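Both complexes shown next keep chain A, but they swap its partner, so chain B is in the first and chain C is in the second.
Right after this comes the complex of A and B.
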């Protein structure tokens, strides 16, 4: 028994020492972020100023918290790389990332942690409850911006006048619907008649609207309706697409499946065996099924991002259409945040928070793919410092900002 | 009394003291480590303490209810899903009736009913209760998701007006609710025959049966107490964030098991079960996770904190299971 006691005590002591050692080593000895406004980003050699646009402009160094629901996807990693390895080099900003957020409570908790860590602003890529995110930011006096997405219209109307709500820049649900519709139309114009559809993670709203758009683009109605909101509503209700509710003359929906789990491979094989003319995905197919689809010789499409993996699939495989974002497309939102933190927030003419819908870029061949892929690499992104400097500062006007969001070139 | 018996008695007492106070000592050490880490990083301690409290509140109350089930030597993996379901039904009730009182009533009743259904199914089909809780978890999650997505539409969730429960979102009110519920649980568990008999059933079901104790009655009481905890957990969830998505309370089911083991509860239940294990373990688990995430920045923080939690879990299971290996009856 004594031996057991000794063992336990030694293990307990080791654990205590381990935690103590971690606590001692983990701290960098920096004083409180509240007390010290020095730069904590990578741009330490020039902590308090950043120059651009031919004039000297002083920028306050600050920390920004980033809320993320996806920590491992290729697109999420590309956004993170742009912020941490480009923006943090060019501007005195340190980015702190949340862990993978799964619900509204974890979003609120993450915002409070960022506030405790001395952040001045929050950029959100997480959408469990954006209205509550804004309220938490107001309570903690943090600027808030939505990247790569938008609030629901009603929520936006409710919160647009909050001085802490800076901007929402990203695809709206309308944009998601249109992206799906254009994808459907493309294959219809290519002569595809028999279609397999992958619904990704319906009832995720983004995927629901894209799927509704695909049906519209293919000239198909759902449950007897062609109306965008009615079709989306029925898909929400059905938690997916029921083949028996799809009707139309121009194309036939031969197979449908969604999600990712134990039976997905079987469902994919069944979809391929239906011999479709095209395989349309409303998201994530390039992450899950590229290899199988390339070997199946079925042309496929997806809504994703301009990554090296997708370039390879377009060059060597069967990826024939991609609607996507490029990594620096999240640049304008940081410009809006910099403006707000530095005391000259850019707002709509009526004083409300900026709301700019950002379209997807479309590539249907390697040349058009490279237009976004090669032009948006590492140290020379599309939204580079020169372009962002035109969006930052008190001289920047709403028209210029919006124009540069829509057309960075 | 022989010298050998005396030695055995002393060593047993030492072990009892160690197992009784170790969780408390660990909590204290974790709290000090946490304060040290926050101070070293220059973060705001006041805000971080509030975060720790909010992150633990729901876990602690649901886990306190779960102690009654664990004491019987069973477990309920559906408690997270039941919390989601209760919160969902509560919001749905408010959307239809605009009545806060009705919403609160539905939250508590649905929590208790969800839990009781598991135990009644287990009694009816004569299968272990944890089997029915696995099925309940799937059913409750599926039904909640269906309600949330069909009513929430493009928002991806359903909610009550944010100002509705906002006045209740204070540490004092939450502490009051927690104290009330945990007080009732402590009273039932430590000062009534219900708690004693539940420990007896958990320690030796056959012996309990031969003594005339009806296990099914105490199983139902245990699940009812857990259901009350689920209802309170769902209510606290809505006070903190007045909306639910399909991911709400998703991690509670597994965290409960880790938390009560962290609090010194033997994983097989029985005589050594402790009602306060949920509270101590809940805070210990949250403090450990947050300390590690503060110390280890970046993506690695999350992974490492999970691994360290797993190591602590194994260590504590090892310690609390020593009684069984000693071939002595617990006293």
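Right after this comes the complex of A and C.
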């Protein structure tokens, strides 16, 4: 009896171990296993014929896969909230989100899964290897769009004529560089001399260009060069910033670190111990470091978005400068995807994939912060249905679309 | 009588000197290296707070690892336990207090309790399955990591642990000092002055003989797992306060890294423990590791994270080489001294 009981217990516990092991296998399950991907889409009562986009228009209902590298940051969550709780209410689109993607292989695997799940398009917020993402989408006959970012010029030239590459709408590398430069200049003008710099996820191109811009704004050269492309090229090559290559009289780079992992807290502590006048981040600092920087009373800046957490950090904490996006700034990209899926893709005049640069908005006080934060809330985003409807449909032309991307107000 | 007392005092003094030798060596070498490069190992108050909190984390993890490892039970699940217990505590606390005053205390208490429960579950699985503990601990690690991932969706848990109360903990060394003192006192008492401690040591030295004398090994093993889990619960709390988040995306044994931070201090601590109490040995070893960590912080612009990992690994290797060849080394030294004496006589 006792032996039987032990056997039963052993079998039960072995099953538990097995289930636990399978549950922990995360993204390696079968493509049809939706358990690992969060599905949303409220307007899906009749997926085949659901209508949306205005009284006189009928859109094909479809699923869109969203590739994300960040699943925790406020900016990422705000974008997701806009898609899932606003766009999915207004248009017959079902959003399937990937897990946190950390490399090109996981991006490719996620695209294949989305294809197997019947997605018609992919919107990418993940930038490990966008060229390979496009190739994977071509192989799986999926429309592809880059949101809140852009390919580098060489990659864009290579892939712009692909019929599956719909659009890239976000800050261009030039815009990223300028955003970094303005941030560096701001602190220099404020009298900061000793700077700690967080390089976020270099060699992600947007972080590389922002970091190059910060160095320029601080009046620093890198590897003896001040030229934008030369500095960015060296940062790419070094896969980060090497302090011994930084030179200049106006400011001192007292600490530098990048990435996020087991040693990041120690690196942040080391940067704070260096007692910098300012902590400049080219991304994600508001997600990871706000509390430590507030506690240590180190003024900091970031390129992120206009979220409630960042508002609090600016009002009560040490966040003094934010170059940001607002949550509905990813609206135009979904408009471009709807157009493509419904058979009337909007292309550049030469037939290449749409490429429109979006600027950052800058806030260095609560008043300027609220200008964007309060105008872009939950059910009344800046890119609301009225505005998006002007960007969707056969009648929409390139000029109108571009104008609305640059100036939605 | 007098002579015997003097001998004992002399012996104690000699043991104390030998116990303090490694920490002093660490302090001297690292201070010299820092000073030679125009830096200080602990340059300011913020660095001191980090130093104390890191000491507490390493000491607790080392104790948690050694409790079971000394009895031949290798436990891979320590890191997962720390994460899971702090996650449970943070979620419950946030649901009740919403990040308000008292959050840190509540997370600490709940994390300690959750850690003890998770440790006990781990122990029960080992006791019931009766398969090698290294295998059960691998399974438990996967289960706990899977559960964390399911609860968090693979995201970092931030809102629940980012509040003024938690910030106050990481900004002041005094709380970590209190934890160090309390845990050290309790562990010394538990393992040296209680029946549980006597039984633990008897089982550690020879399980078969101990069991034949009437010591029940299962309750003792379960208690060890629970204590180890409780310690890791505290580590989970301190890591959450220090990192201002809990990583919910640990899968496929990626939580094991938390446990591996304790290997070098465990060997150093056990070595120091030969001359003084083992628990104090772990504390002194944690001090050494924290000094090294502070030195890395001072040189963070020169020594990056991967170089730090290599240095740690090298130190572990060197120490293990020394431990394995200690007798050989002593014989060589004695022979050399003997030969020198003989040469002097001639």
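Please note the rule applied: the second predicted complex is superposed on the first by the 334 of 409 C-alpha atoms of A that agree within 3 Å, B and C clash if a C-alpha of one lies under 4 Å from a C-alpha of the other, contacts with A are read in each partner's own complex, and residues count from 1 in each chain.
The definition used in the following text is that a residue touches a chain if its C-beta (ideal position, glycine included) is under 8 Å from a C-beta of that chain, and two chains touch if they have at least 3 such contacts.
Worth saying up front: this structure is predicted, and the values here are computed from it rather than measured.
**Q** For A:288, select first, second, both or neither according to whether it touches chain B, chain C, the two together, or no partner.
**A** In the superposed model, A:288 contacts chain C only, not chain B.
**Q** Where does A:308 make contact in the superposed view: on chain B (first), on chain C (second), on both, or on neither?
**A** neither
**Q** According to the stated criteria, A:99 is in contact with first (chain B), second (chain C), both, or neither; which is it?
**A** both
**Q** Applying the touch criterion given at the start, work out whether A:85 contacts chain B, chain C, both or neither, answering first, second, both or neither.
**A** neither
**Q** Is A:250 contacted by the first partner chain B, the second partner chain C, both or neither?
**A** Once the two structures are laid over each other on A, A:250 reaches no partner at all.
**Q** Applying the touch criterion given at the start, work out whether A:117 contacts chain B, chain C, both or neither, answering first, second, both or neither.
**A** First partner only, chain B.
**Q** Using the superposition described at the top, determine whether chain B or chain C touches more residues of chain A.
**A** Tallying touched residues of chain A, the top partner is B.
**Q** Touch test for A:71: chain B only (first), chain C only (second), both, or neither?
**A** The answer is both, since A:71 touches chain B and chain C.
**Q** Touch check for A:270: first (chain B), second (chain C), both, or neither?
**A** A:270 contacts chain C only, not chain B.
**Q** Need the overlap of the two footprints on chain A, from chain B and from chain C, as residue ranges.
**A** Shared contact residues on chain A: 16, 20, 22-26, 71, 99-100.
**Q** Where on chain A is chain C touching in the complex?
**A** Spelled out, the residues of chain A in touch with chain C are 6, 9-10, 13-14, 16-17, 20-26, 38, 71-72, 99-100, 243, 254-257, 261-267, 269-273, 275, 287-292, 294-296.
**Q** In the complex of these two chains, what residues of chain C are touching chain A?
**A** Going through chain C, the ones touching chain A are 43-44, 46-47, 50, 125, 128-129, 139-140, 142-147, 149-150, 153-156, 158, 162, 166-167, 170-171, 242-245, 249, 251-252, 257, 293, 296-298, 300-301, 305, 308.
**Q** What part of chain A is in contact with chain B in the complex they form?
**A** My answer: residues 1-2, 4-5, 8, 11-12, 15-16, 19-20, 22-36, 71, 97, 99-100, 102-105, 107-109, 112-113, 115-118, 127-129, 131-132, 135, 140, 152, 155, 173, 203-205, 208-209, 232-233, 236-237, 239.
**Q** Once bound in the complex, which stretches of chain B touch chain A?
**A** 11, 14-15, 18, 22, 26, 29-30, 33, 36-44, 47-48, 50-51, 54-55, 58, 145-146, 149-150, 152-157, 159, 162, 237, 240-245, 247-251, 291-296, 298-299, 301-302, 312, 315, 319, 322, 326
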